[in-house]
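Heads up: the structure comes next, in structure tokens.
Per-chain residue numbering starts at 1, and chain names A, B, C and D are given in the order in which the chains are listed.
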């Protein structure tokens, strides 16, 4: 991971967290995982300990060990390792932010707390600022995912004046379907920020609105396909971009019909990659083998 | 209005319903309204008695008189008059569908009933089929607006096998933000169907996914602007399309901050067009003059 | 039905609407239905054309014919016939209110419109007032059912100053689970109002808070049981009241597990009473025979 | 705190967490807090580190220090100290459960994780079981609060067969308004379980259904009043119980109109008790003084 901060663009894989069959974290898989992402999927940025990584189901200590491993093993291989340090507890987020800086992360990201919800964007910015201040040299990203958090502020309103408040602010992961809000963020953001879209199934729409890249779980196994989508879009070949987007949609629609959560997604990745990612942690229920196999077959058809 | 059914494309204005200051319908405004749409906004298709037209707040008799007037005054001027005939009561929808055929509408559209909600897509298709059968020669459009109806089926699932069930089926108005669902509809639909997007604030995203046109209230006063967006998109000038979309977003974001519902929208249209559209009907509260003036000023800045 | 307005108390059956197998209204069943309610269930008040009666799925003309029949056949038998005249369209509600007065109803009730939702309690009261004014001599009841309408004002706030605004106001049907709001209504209401609770499965809780009676669909077939509950409660025998309430809950929990909507409820009533209520109207799907039979058996066990 | 497990009944105060003005936990307030509860409010049971205590906003270490202090200072004074050990992370919940046993808690309680939500009641019971197994000798309570967690299973379904799965299971805190579900829990539960209701504003309704007691934040300052309510109810004086319940409602309705969250509640308690509870932790915003004063005045009027 580089220490010259460059703008985060292109695809960022939201990584799964490898667990042993006993449910302990299994950092030994991370090295091979990085090689897989680079060699097989053409993906060189990762978003660690986020939703896909079951970050919220991990203890603070586990999150630190995972972040350290991703940074160490990614050195010289990955372009950027972004560590998600969002917690319900501010003190723990600060602790994780400091640690991310120590282990050489390229940036940190924070989601809004969601059990107690901030009552307005001002108090949310205060929360984010307190976390960012614990790692002031690391690029800071806000992770906007209202369907998960129930925090329904417009992202654009959260961004208002945010760089004065958080000097290290560098962009957001926007995992929402309100593209007026997203468009307003695009219009507002200065060139050194990154606007990364987080709903892989409709990435093309966000590119049309001006997204700089994307953070998502499907790039773990559909990275090449979506890199093709990005290239087609950049070349102005909208028909080709649409064809590729529809292929992604075909897989995901199929998965959604069968039942698709982080547990199923993780099992699918194990099937496709051969990496031993292990089971999810409770309260997620392990994915039935049959379901993962069906989705993997659908994926192979489309690739 | 023509009787050779041609595919509905481009912009369709969802029209407001003119009322007198006493709250009675005021069909005399419809003639000038049509001229305004054509001459000032470059819009030649209308969607009558829908959400924007407060259709659900009108009696069956009022809806008939309005539909008749739009068809009569639009003859030789408008390209297509689509009459929305959705009601909570199937019998009344059938009555309105028959009437639309009699007065020469170019198509009918139906939203899902939403007090009693269909329990699955099959029973929704049955409902739609019973309405369509009352006007079998008219192109039939399904109006998908889950945030209003609370009927959260995927539009794609509603479309499954729908033309075998409803031979006159010709497309849908998709007023939702789930663009995977929208993309799956695009992929499924045969060339003689129209996929019209209904969230004007993010039309560009839907065009990228393959929309054929759009139905919306803002085309009443932003028709020229959005026609420019469509042209830029067709020419492959995505930057220009995005610039125009952001202008539309700027107006609508501003309006939403002040409070923006059908009553405000209607008053805004009166301000901008000079047409005497009158107040909304209860349970909508009339828009304060000041709010309409502010939004109209914002609109002028952008135009 | 008497023309001296007396306070509405005790049980009020929310009646089903009899349809023929072809789906036309079937008023001939109403006479025997009244006899059944009185003779077999000990229920002498009815709430006609409400949710249970699929009022919103009926045309204005059908609602009038049904209201007329209930009033005519109920004369000298029923104590009170309350006609629900709520519509999405104010004009139609007014029309129905005038008609209810003509045919001798003992009161009218109105639910909030729910497609366009009133933006505050003031505009909701204005809507209610306009309807009430069309039948100024009839006791007027507000029908509060936020889970159905999505109109989430506190009922207590709707009641604020309502009798100055609507001189004929006489109470409300409260179909909600917010018992602080209900309690505040009890505290606020003068003795000549009726506070009728509408969630049969937890009526005992509302009685403890001070309810005057209840409007519900289950009194069609559980009237005797719930009359027993009312008597036990009035005698101060809370243990017995609780035992009866748990029996009602046992039936309804069982029904909910199998799937329980107005269509199932209607079929259950046909099974239990022998009355030919016919199918529901679209968009409701007819209840599978097996489900109705299972629930009816459960009901027999409990009785 | 006693080590002979006796059934938990009556009032349980959900305690606030004292913080210094710098936002650090301030255990020195806990001793005086206990004396206040006993001497001024007649409350001898506490529920520590729950929603009211901002448990989710505290680090694991902070939660341990607080639990230890409540147990130590409560020894010989409080009847029962229940420690809430629910976390998003199973491992951390287990750690807290073990610690609660070590410091002599009288029971532990666990809420469902709510970022990742259990997909069915079976996997929720598995999660609860894993936590309970870390402190097998402590009475275990399930904390049901669907409006906060978004986990909408019926509590009754969660209880199904739970004691076979969790031998230490002893009851639940039911913070919901579905009193059919609550009633079904009452019917199902054996005599050695406690059914504690958690919505103070409608406790009387739950008592009518058969509640054994209550856990709530308002007992911190309305304990005497609600002890009066319990006594009146037990004596069969429903009128008196209702009068007292309405007084509680009057205070809470007033507070809700002004804005009432845990931060406001905490400040109110500081005002009323004189204890230095300090500010809330982010993301909660400190309560404006004026609001706390207004609510405290209302409270004095009612007392």
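By our rule, contacts are C-beta pairs under 8 Å (C-beta built on N, C-alpha and C of every residue); 3 or more make two chains touch, one makes a residue touch a chain.
Just so you know, these numbers come straight off a predicted model, no measurement behind them.
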Distance from the mean Cα position of chain D to that of chain B, given in whole angstrom:
51
Roughly how far is chain B from chain C, centre to centre by C-alpha average, rounded to an integer in Å?
36
Would you mind listing the residues of chain A that make contact with two or more other chains?
none
Draw the chains as dots and join the ones that touch; what shape do you get: line, ring, star, complete or other?
ring
What is the complete set of touching chain pairs?
A-B, A-D, B-C, C-D
Which stretch or stretches of chain D touch chain A in the complex?
54, 56-60, 62, 88-92, 95, 112-120, 122-124, 126-127, 130, 148, 150, 261-262, 281-285
Along chain A, where are the residues that touch chain B in the complex?
156, 177-180, 183-184, 186-187, 199, 201-202, 204-210, 236, 238, 241-242, 245-246, 249-250, 252-253
